[in-house]
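So, here's a batch of structures to check.
Two complexes, one shared chain (chain A), two partners (chain B, chain C).
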Partner chain A sequence: MAFDQNSKRIFKLVGSRPPRPDGVEKVTGRALYGADMTAPGMLSGAILRSPHAHARIVSIDTSAAEALQGVKAVVTSADFGVPDDEFLRDVQDNCMARGKVLYHGHALGAVAATSAAVAKQALALIVVDYEILPHVTDVDAAMRPDAPVVQEGRSLENVGPGLSQNVTSYCEFGHGDLDAGFDQADLIISRSFKTAATHQGYIEPHACLASLSADGRGDLWCCTQGQFFVRTLCAGILGIEASQLRVTASEIGGGFGGKTTVFIEPVALTLARKSGRPVKIVMSREEVFKATGPTVSSSMDIKIGMTREGRITAAQAQLRYQGGAFPCGTVEMGAQAAFAAYDLAAVQTQGWNVLTNRPKEAAYRAPGAPMAIYAVESVVDELCQQLALDPLAVRLMNAAQKGTLSSYGPTFDDIGLRATLEAAQAHPHYSAPLRPNQGRGLSCGFWFNFGGNTCVSLNINTDGTVGITEGNPDIGGSRASISLMAAEELGIPYDKVRTIVADTSSLGYNDVTDGSRVTFSVGLATIEAARSAIKVMCGRAARIWGIEEDAVIWEDGCAKPAGPNAGAFPPMSLAEIAAVSANTGGPIAGHFEVNADGAGVSFGVHLADVEVDPETGATKVLRYTVFQDAGKAVHPDYVEGQMQGGAVQGIGWALNEEYIYGADGRLQNAGFLDYRTPVASDLPNIDTVILEIPNPGHPYGVRGVGETPIVPPLAALSNAVSRAIGVRLNELPMSPPKVLGAIMQRG
Partner chain B sequence: MKTIQISTTVNGDALETLCAPDETLLDVLRNRLGLTGVKEGCGTGDCGACSVTLDGRLVCSCLVLGVEADGAHIGTVEGLADHDHLHPLQRHFIDGAALQCGICTPGILVAAKALLDRNPDPSESEIRYWLAGNLCRCTGYDKIIKAVQSAAAEMRSA
Partner chain C sequence: MVRVKIWGSLRPLADGQSEIELEARTFKEVLDQLGARYPALRPQIKRGVSMALNGRIYREAWFTKIPPESEVVLMPYMAGG
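== the complex of A and B ==
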């Protein structure tokens, strides 16, 4: 779907900031989220979780739980089949352990009862005999040949010899002659880095309400980023046909990638099938931390060579990511993203995915990229410091641009990196003075962006309003953006359009809300659906006027006679055509279905000023500015919102957030008190500068914006803190004890 | 455990309900009175999504027992608007795009109203510290703080 090059259009609505259509429901408390739905005869479900990091399940005795008054069903892995498909089997085994529990918090049983209190009581009556096994939670330890093996036989052939079976896969990207490149360098720096696992931290815990009748028809209400994928997974696990399971996405209280899979949904359906009653499961916050999310933790080695003038001559990264107890492909994305911002003659990245006794990682905003780019941008900053070069000038000197062979293979089309860097360089933030104990850091960020399977229906109502049916849960204002694009294309006011997110029985398959794909891909499909409806409306007008269909054009929301007939008939508005549609051929609609490509990569640059308290090691963020290319900002408020929210998640990752495991392999901080996400008083305003370098792959030039903003804060803050205290830090989070330790060592 | 009957006033309406002695006010509001605008994010008083006022005092309803609401006046997000007339905070949250997913919004609105009831002209810093008990994971707080400031300004000039 090419960018409308010839139109050079002046947008009337796209780029404005109207109120979101779901605003009133959300400020009045009427919006219905996962836990807000009930059904007649509903039971309460609860899940039994492993107290151990790694253990064989010798036996489970559920008889006492089943005998408890009010208990209607108890399930274990024995109530599930064993899917042939390996991916589906992993999803199921993560929802309900089979044979072994693989991490602290791993589900191994569930009950449905007449109340939450009875369900909880019943869990305590399930007797499990565990044979405790040795465990491993650290990525480097898990790779050693003598490490406890989390799962046997999961290692792919491309993993080299001498490593534990926990290493499941290996990847490699790059081009050019590394040795020759490093030979040309005046300075080479090699550093090792570690980052902790962090959780997406959505405020809404996972929740669902499931019913499954004896005839095999089911309904599932749940908070998810993708109801169609939930249907695929649940139908596969339960052995029912997709058409028989209707999944409705509730309003979603945050996801950030963490609600792109299932945890409780197949369990609730299985309990519903066994009990013959609707079953609701709502996770506690502790369960969310123990058994969902988080992102990978990493261990990384980076080597970069630079000339005295600041040109990078060669760059190399080795990335080791642990993704918990099941195989993942996250390191591939880190390895591809690591050096994306640079135009390099010689570059190589290698990555290893590793199993540990931790919860299975889930996508988290630009999965795999923040840690790799943190490590790279830290070394680039240290090179700049040692060579006394301006870090922004060095980025500009090495910046990837149109025509650059990227470090991961493709050649870039129009990209906004250079414009973004120039905007940062010209911004007053970059030259503002700093005081003692203060430091300024910067970092580039990158995300691939994604298009994917998308399907939109657009119905013209007889009163001249428009209904749009799309299939992607709205995680940050997308219904407003979709409505704006439809109104723009049709030439009608924004408030004449209503966009709804459909259930799985009402629309064709849509990929999950991920990859920053919705405004790009659903937007593109909406524009094309509007164009198809316009074609129908022009045909109807032609019929009324008795002229040829191709002699009618659509302009300013009206059909107009064109060519030799120009001016022969008064224009007919959308409302006028819709009003008489019954007499001209029936209802008018537009559809568009696509597996969209051309998402257009996204770059951003962040500037961060911090002050470090030399007595406590605590870091205060003083000033923060985000620069990012949005292609075309459809609703700038929500583009800024993505930039600000992503930046603050990255700030939390950099300064505070981490999964802390004890020697016993148990998670020690499964709550918001001890897993500290940023609060309002931690932060300054997050300033934003939106650049618009049109994406050649979208009619309006739109690029996804949601993921890139979490990437730069890690290095921007690390570089700022390192410059403030005069010591380089190579580990995240930079919690006060670590920073204080570095200050004390410096002396 | 035997349930206990309580009489309470919620958003001005006199209500009677039963609740278990160990049941939280949050569960009573959500499960017995159908006020699902009150959200549960953590159940441990760390996120503020369940914020309500209890006799004018801002509390996390997950840390209050339902029986403590007996004879008390409770204020929730459902009581902010006057019929179809939104409270200025609600309007400024929509106009200023101060919500993304919206799950923290009810608690933040209740907390912000409690602030403005006490201090009609808070500084940015006072707003940030007052709302430090309300986690938002989507917005980075920027637009929330600005929406509270602009609502406060409008309410002062009204």
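== the complex of A and C ==
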């Protein structure tokens, strides 16, 4: 769907900031989240989780639990089939361990009872005989040939010899002659980096209510980023036809990628099937940390060569990502993204995905990219420091632009990297003075963005209002943006449009809300659905006027004769046409179904100022500015919110957040008290600068904005802290003890 | 004739080539011909690939037309958060 290049339209509504449509319900506590759903006769579900990092399940005795009064069903892996499809089997085995528990917190049994207290009591009565196995939680240790093997036989054909079976896949990207490139460099820096696994930190724990009646028809209400994908997974695991399982997404209290799969839903459905009653499961915060999907943790080697003038001559990265106990494909994304910001003649990235005894990773905004770009941007910054070059000027000198052969293969179309760098260079933040113990860091960021399967139905109501039905949970303001685009296209006020998110029985398949795809894809489908409805309305007006349909145009929310030759009829508004729709052919609607492509890649640049306390190693963020190309900011409040939210999550990743495992392989900080996310009092206002370089693949020029903002903060913070203390830091998070240690080593 | 660039770790599965010339008019024809000519590529094609056509990424659209002289790059299947 191409950008409307010829129209050069001046937007009337797109780009404005109307009040958010979900605001009143959320601030008055009326919005219904996953845990708010109830049903008559509902049971409470609870899940038994492994206390061990790695163990064979010798036996499970559930008889005492089943005998407890109030217990209506107990399930283990024996109550599930074994899906033929490997991906589905992994999803199921992650929800309910089969044969072995693979990480601390892995589910291996579940109970449905008349109360949460009885369910909890019943869990304590389940007797499990474990044969404890050696475990591994560190990525480098897991790659060694003698490492404990998490799962056997999972390596793909592309993994080379000499590595543990834990290495499941290998990838390589790049072009050019690396040796020749490094020969041209005046300075080459090679560094190794590590980043910890972090959690998305959404406030709302996973929750669902499942009902599965004796006739095989099911309903599932859950907090998710994709009700259609939940249906696909649950129907596959339970052997239900898709048409017989209706999944409804609740309001969502944050997801950020972590709610793109299932953890409890197939268990609740299985308990509901066995008990014959609705079953609700709500995860505790501890369960969220132990048994949902954090990011990968990483170990990386970066080598970059630069001339003394600042031109990068060659660049190389080796990325090792551990994604927990099941195979993942995250390193491929990091390996492609690592050097995307640069125009390079010689570049190579290699990546390995590795199994460990940790929970299976899940997506987290731009999955795989933040850690790779952190490492690359850290080395670029160190090169600039050693060569006494301005880091922003160096990025501009090497910036990818239209026509650049990207490091991952394609040649870039219109991109906004140079514009964001120039905006950062011209911003007062970049030239503001710094005091002792303060440092300024800079980083570029990148994400691919994509479109995907999308359906939109747009109904013209007889009172002249418009209802839009779409299928993607609203995690970033999409209902407002979709209503704005519909109102813009139809030429009616924004408050005449209401957008709702449909269940899986009300609309065709929609991909998950991920990949920064919704404002792009659903917006595109909405515009096309509106155009379809406009065509119908023009036809109705033509019939009323007795003229040809192609003699009618749509302008400012009205059908009008195309010119004087078409007749002298007064314009008919959408409301007037809708009011007589029963007389002119029946209800008026537009719909559009597409697998959208052309999302357009996104770049951002972040500037961070920090002050480090030399006595404690604590870092305070003093000033932070985000520059990002949004293509077209449909609702700038939400775009700024995405930019600010991504920056804050990245700041947490850089400074404090980490999964900490003990020598026993157990997670030691499964709660927000010990897993420290930034709160408002930790942060300055996050300033934002939106750039609008239209995406040629969208009628209004929209690009996704949700993921890119989490990419640059890691390096921006690391570069700022490193410059503040005069020592390069190569490991995240930069918690106070690590920073203090670096200061003390410096002397 | 279309020249399809493949990523580095696929090259050993395609006789070491980084670019492959095919008679293909659509994304599907590219995939079918790659799989037919280099059976070792089939597992990866089955797991999922994306295609960048003149810089624009397509994830699944089999019938995306490939104009002559287009830049076609095979990429891993895109995933996001």
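Criterion: the second predicted complex is superposed on the first by the 742 of 747 C-alpha atoms of A that agree within 3 Å, B and C clash if a C-alpha of one lies under 4 Å from a C-alpha of the other, contacts with A are read in each partner's own complex, and residues count from 1 in each chain.
In this text, a residue touches a chain if its C-beta (ideal position, glycine included) is under 8 Å from a C-beta of that chain, and two chains touch if they have at least 3 such contacts.
Note that this is a predicted model, so its numbers are computed, not measured.
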Partner chain in contact with A:V727 - chain B first, chain C second, else both or neither: neither
First (chain B), second (chain C), both or neither touched by A:D22: first
Which of chain B and chain C A:G641 touches, first, second, both or neither: first
Touching partner for A:A393 - first (chain B), second (chain C), both, neither: neither
Which of chain B and chain C A:A579 touches, first, second, both or neither: neither
First, second, both or neither for A:F256, with chain B first and chain C second: both
Partner chain in contact with A:A599 - chain B first, chain C second, else both or neither: second
First, second, both or neither for A:A117, with chain B first and chain C second: first
Residues of chain A that lie at the interface with chain B and also at the interface with chain C: 256
Interface residues, chain A side, partner chain C - complex: 156-158, 170-174, 256-258, 260, 329-330, 332-333, 336, 348, 350, 362-367, 408-413, 447-452, 514-517, 595, 597-601, 697, 707
In the complex, chain A residues that touch chain B: 17, 19-20, 22-24, 26-33, 35-36, 117, 200-205, 251-256, 282, 284-285, 475-477, 637-638, 640-641, 644-649, 671-673, 677-683, 685-686
For the chain B and chain A complex, residues of the former touching the latter: 20, 30, 35-44, 46-47, 49, 76-78, 80-81, 86, 89-90, 93-97, 99-106, 109, 125, 127-129, 131-146
Interface residues, chain C side, partner chain A - complex: 5, 7-10, 12-13, 40, 43-44, 52, 54-61, 64, 71, 73-81
